[in-house]
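Just below sit the structures, each encoded as structure tokens.
Here come two complexes built around chain A, the first alongside chain B, the second alongside chain C.
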Partner chain A sequence: MVGFSDLKEIFFVEADELLSALESGLRAIQTGAEGGDTVNAVFRAVHSIKGGAGAFDLKALVGFAHRFETVLDDLRGGRLQPESALINALLHASDHLADMVGACRQGLETDAEADERVIVQLELQAGRLPGAEEEGFTFEPLPMDGPFSFGDLGVSTGQTFLIRFRPHASVYASGHDPALLLRDLCALGTAEVTLDMADLPQAGSFDPGQSYLGWSIALTTTSSADEVHKVFEFIDGACALEIELVDRESPPSDQSLFGASSQTTLAPSPGGSEKASLLPTPERPPLPPPAASRNLAAPSPAEVSPTAPGKGVAPASNNGPRPTIRVDIDRVDRLVDILGELVIHQAMLTEAIEQSPGFGSVEVDRSLDQLRQLSRQIQESVMAIRAQPVKPLFDRMHRIVREVSMAAGKSARLVTEGEATEVDKTIIERLADPLTHMIRNSVDHGLEVADKRISLGKPAEGEIRLSAAHRSGRIVITVQDDGAGIDREKVRQVAIDKGLISPLLELSPQEIDALLFLPGFSTASEVSNLSGRGVGMDVVRSEITGLGGRVGITSQRGQGTILTISLPLTLAVLDGMVFDVAGQTLVLPVSTIIETLRPDGSLRHSLGHSDSVLDVRGRCLPLIDVGTALGFRTSLSQGEGEIVVVVERGDEGAIALMVDGIRDQRQVVIKGLEANYGQIPGIAAATVLGDGSVALILDPNDLAAVANAIPRPPIQHAAE
Partner chain B sequence: MRSSGYATDPDIRELVAFRTAGQDFCIDILSVREIRGWSRPALLPHAPTYVQGVINLRGAVVPILDLARRLGLEPIENTDRNVIIVAAIQSRIFGLLVEAVTDILSVPATGVQPTPDLASDITRSMLKGVVVQEERLIRLLDVGQLLPQFEDAAA
Partner chain C sequence: MSLRVLAVDDSLTMREMLRQTLSEAGFNVVLAEDGLDALDRLPEADPDLILTDLNMPRMDGFGLIDAVRKGEISARVPILVLTTESAATLKDKARSAGATGWITKPFDEKSLVSTIRRVTAM
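Showing the complex of A and B:
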């Protein structure tokens, strides 16, 4: 049994999805990219939130959503035009609604004054008197309109016909729409329509070319039976039709005739309003309020509208989301843990078999191979469960851009690309803060004010481009603005003023850009409300580094700035190259490796006292002995460091690493060192090898820095 | 008094006693996770000399400290007969490399004497007190004090 609080949590989870749908719908309308259903979808989102909120007695939320919805209804009905001022007000209201939902989730009271201000602003924009229609504020399921117009429902005299109508597939094939027939019927009087879905097959055996739906209509009308028959004139013979006159006092009770598994009742709405309501009662008779909220995820009533079954498509399966389940993330994490153990033990098993006398048999070899493939497939599947598209994360950034640009008095829009790119859930969660900060920075510091932009010949509205892509085993996320670019003189001056660098230091443009990531750096001339509240780009960098990622910055004066984040695909397993250095086994992420070679001694050149470079086909790369950099040895003996691995280091270019021998390439499970020990420069994490021993995973980026920090006293190790 | 039974009296502390570098030590049994044989650790770069490296403890990566070096004593000989006492302080797990585990002691609270003033600062900072048992002086280690140095190691 699901508890009430669980239901409430479901409501909030779904409200988040609805809010996100609301916002993206409004944005689509804003950019003119909306489809026919967009306005309806936006309306439904607000309506569903209202519905759920009502079930949990969240009065402030219901009140706000109701007035919000009323404006949207006008928009939907064409009484309002989607002008940009109105859309902005709608977006603002949608942001506010999100805040209110957030507050309710934490059990807080919303700020009634602010609520009122926002909604009044919207209503004024919509040309409504604030609070008008307040009296009509009852809480009912979705009022229905659209192509359905039920005519004069006030008719109360006349006779009642019971009509059973079941079109054959040929009706749909010839382009008829039962919805239109129903509309015509309704125009004759008061109609109570019951949808019969009893014949609807399971999704698997569903044939879209078939007809599965029937309707039974209780029509109270002053029209004659002939007139009622006329409605069906065009499809005469292509449907099963029964029309019988029943006594007014005995309305149709024979609903079981059609199985009545699902009903859609068309009736005047309670307040005597002119609107007709489609009362959705999916599957069951009226639901108690908590259960009703669970239906938020189900296609909302308007989707079940008779406009849909153009080809006899079942309402429930029409454009519905693909079936999904909600799983507690802990369960998935547990699966990932077990998988990690599986990978380790599979490696152990392989090693044990390879050393046993019986090794070499084809069967064993084949089975091992199969096992390896299977475990890799399991791993990929599990990772796919954890992987989520970055879209929700990116969607949140639209709001940031709106708020920051408003507060900074700038005009900006966010363009997103690659929203479908999938990233590990943990990474997405931990990416939200740094990304928010980067976007804020781009708007606040990057973009110029509109006047200046115009005088520079740029469009008044600044553009922030946020994109995500998979690139060579990593996720690359870029935030690009078309603003002024980095004022390097100013940055340098600030760094000097703050005592971060010496005034004598000559810095390359890249080095100046990198100053932005220093702790305690902020270039905003005045500390604004938005950026520069103590958290700088250094926090962004440390958060990204904590995820095993890198941040880079490039800037073109007058053209804009590009911030780049590069992240590993997953935090759990990586493809590693296992190698030996000074008797130790170490691992390098395969994704960083460009090539391995055994260079001729003549290609090595010394630079200065102890540095050397390697000539790789005419390119001079810094040459670093891994053993020395890690303090495992102070000099190379014969046969050591003869193999060179060239690795890539993001923006800083490649380096050549000297190792003693390469063993193997395999999947390794990442084990953090932080929990029991601490961070080690040059080391990303550790892993457990097939023989049960620990191997450290190198971080090539850090390694160069560590190597530069030498000379330091050689360290004696007890184990040696 | 020597006992291998369970202490039911709350005033009785059970201590794991062990030997390294010719001296006797003990730690509270509640901080001991397990005792295991020596296995070859993977070296940690730029670690303090008393950090031997890390080993795999059922999937967790656990650092190993040579207790003798940690206390500034003569380093012990590396043999397979050495044992690792796996200890946990809060959520951190680490191993102490010692020569041999000797005993499990049940000591009343009054049996632990304060560390004599004569001891050097480094020794005293890591001892909670001493226990005298059958003419042996057993040093009670403050396990938590062995650890903070890790922060330096990480820097």
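Showing the complex of A and C:
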């Protein structure tokens, strides 16, 4: 059984989906890309949020959503045109609604003043009188107390109503059952009911689907007239009905009652009427109409179906619209952990078997191979459970662009690509903050103001292009703006002014760009409270590296800047190449490896006293000895570093790594080091090998930096 | 013999709520997420009562009522509409579409169950 708090959580999860649909729908309307149902879908989103919020008594949310919905209804009905000012106000309201939902989720009160301001703004834009409500709307549930809960049964004091009731012939077609009304009516007090069968046709022309009957009821009850009317609430309009208060104290005599009834439309035709007292004794509690009277009435489905045998419960599988289950993320995580152990033990088993005398038999070999494939399939399936498209994350960025561009007085739009790209859920969650910051930066610092853009021959509206793609076993996310590009002279000057670098230091353009990732660096001439918010690009960088990723920046003056994040697809398992360096076992992600070779000594060229390059088919790559870079050795002995692994480093080109020997290629389980050791330059993580030993997983890009082959911590040196 | 209710709402929250409330009241509940889905489930659900939201994608509540009333299965089953508006126009519209009654959202458990009992022989 679902509990109340679970229901509430379901509501909030659903509200998030609705908010996202609302926003993307509004955006579609804004760009004119909407389909026929977009406005309806947008309306429905707000409407559903209102409905759910009402159920949980979130009054502020209900009120806001209702007024929001009213404007959307006008838009839907064509009474409003989707002009850009209106759409902007709607988007603003949608953002605000999202904030309100967020606040409610945390159990906080929303800021009533801000709520009012936003909705009034929207209403004014929509040409409505702020706060004007259509008639009859109420947030309170309608009181619909069951008829059994009141009425002093069996007591003859109270008021007497004379009710004349004749359902239209077609009443059954709407699912009504007059017998039920009589039952409910009788439950209010004591009733004397007279049946009018005057219109009952001959048996031959009798249509069981039609109603031919009328009733006169003298009801003595302590209930109010409203309560009596309430019984007929639903059927009103599908019947002829008169309710008349005839006596305040005592029930009328039969004579007076039926004398009155003879003058009404229910008047019995001569010979065709029959008087039946359904509840003749006032002392007895009222009963449902006896079977006799019900049998006279045409059978209604409501009477027949519940008693029909053999209609069991609908199958459970039919009980939910979609065959999905919601699973606690912890359970999936546990599965991932166990899977990691499985991969390790499978490697151990393989190793043990390979060293046993029985190895070499085809069956064993095939079984091992199958086991390997199976565990890989399990791994992929588990990863698929955790994988989610980046779309929701990207969708959130639209709002960031809107808010920042508005606050910065710029005009900008966000274009997203590759939204369907799937990434591990944990990565997506931890990506939100850095990505938000990068987007803010791009709008705030990257784009020029509209006037300047026009003078430069660019479109007035700046464009931020956010894209995601899978590239060689990693996910690559880029944030590209078409703004001014990095002003390297200014960046350098700022760094000097802040004492971050020495004015004497000669820096390459890439090195200057990298300055932006320095802790506490801010390029904005005046400190902007938009991109600022106490977070610098250095935090972005450390968050991304924390995910095993890298951030890169490239920029062209006047053309714009591209920030690139490259991340592992998963945080759990990777395909690794295992090799030896100076007696240590190390692992490189296979996805980064371009080739391995054993180069001739003549292909190595020294550069300066410590650096060297390798000529790979005419291309010179920085050559790094892994052992030296990681401090395992200071120089190469005979037979060491003879094998070279060429690895790629994203956009920065390949590097060549010297190792001593290659062992094999296998799946390794990534075990983070950061929790225990902090971040170690050049090392991405560790893993446990088949023989139980621990091996470090290298981060080739970082390794190059450690080896000082590319100047990534030149900055750090300079700064210290 | 418990009452079979086909509850139709595009909101997962509402569906879960209806499922919970109606099951607790001892009804058998079949859920559908819009009018078309409800029509698909109708033969098997064989409901004693249909409870439907009005504003839904693909086929809304009015469409569903119309299809049920004109259809061959359960054509005369009581249909209650769930609506957030208590405005009279909407009630009239629901009524003329062939609805048996309505329940105004947000509803409480008691009112939901008692309204269902009002239009069914339970």
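We take it that the second predicted complex is superposed on the first by the 513 of 720 C-alpha atoms of A that agree within 3 Å, B and C clash if a C-alpha of one lies under 4 Å from a C-alpha of the other, contacts with A are read in each partner's own complex, and residues count from 1 in each chain.
Going forward, a residue touches a chain if its C-beta (ideal position, glycine included) is under 8 Å from a C-beta of that chain, and two chains touch if they have at least 3 such contacts.
What you see is a predicted model, and the numbers here were worked out from it, not measured in a lab.
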(request) Report for A:A60: first if it touches chain B alone, second if chain C alone, otherwise both or neither. (result) neither
(request) Using the touch definition from the top, say if A:G237 reaches chain B (first), chain C (second), both or neither. (result) second
(message) According to the stated criteria, A:H176 is in contact with first (chain B), second (chain C), both, or neither; which is it?
(response) second
(request) Please tell me which partner, chain B or chain C, touches more residues of chain A. (result) C
(request) Look at A:G682 in the shared chain and tell me whether it touches chain B only, chain C only, both, or neither; answer first, second, both or neither. (result) first
(message) In the overlaid three-chain picture, which partner chain does A:V364 touch, first (chain B) or second (chain C), both, or neither?
(response) neither
(message) Between chain B and chain C, whom does A:A432 touch in the aligned arrangement: first, second, both, or neither?
(response) neither
(message) Contact-wise, after the overlay, does A:T585 reach chain B, chain C, both or neither (first, second, both, neither)?
(response) first
(request) Check chain A for residues that touch chain B in one structure and chain C in the other, and list them. (result) none
(request) Can you check the complex and tell me which residues of chain C touch chain A? (result) 1, 3-4, 10-17, 19-20, 23-24, 28-33, 37, 41, 44-46, 48-49, 55-57, 69, 74-79, 84-88, 92, 95-96, 98-108, 110-111, 113-115, 117-122
(request) Please give the residue numbers of chain A that touch chain B in the complex, ascending. (result) 340-341, 344, 584-585, 629-632, 671-673, 675-683, 686, 688, 692-696, 706, 712, 715-719
(message) Quick check: in the complex, which residue numbers of chain A touch chain C?
(response) 1-2, 6-7, 10-11, 13-15, 37, 40-41, 43-44, 47-48, 50-52, 54-55, 57, 134-139, 141-149, 172-177, 179-180, 184, 209, 233-234, 237-238, 300-303, 305-307, 311, 313-315, 318-322
(message) Touching residues of chain B toward chain A in the complex: what are they?
(response) 39-47, 49-50, 52-56, 59-63, 66, 69, 75, 78, 91-94, 150-151, 153-154
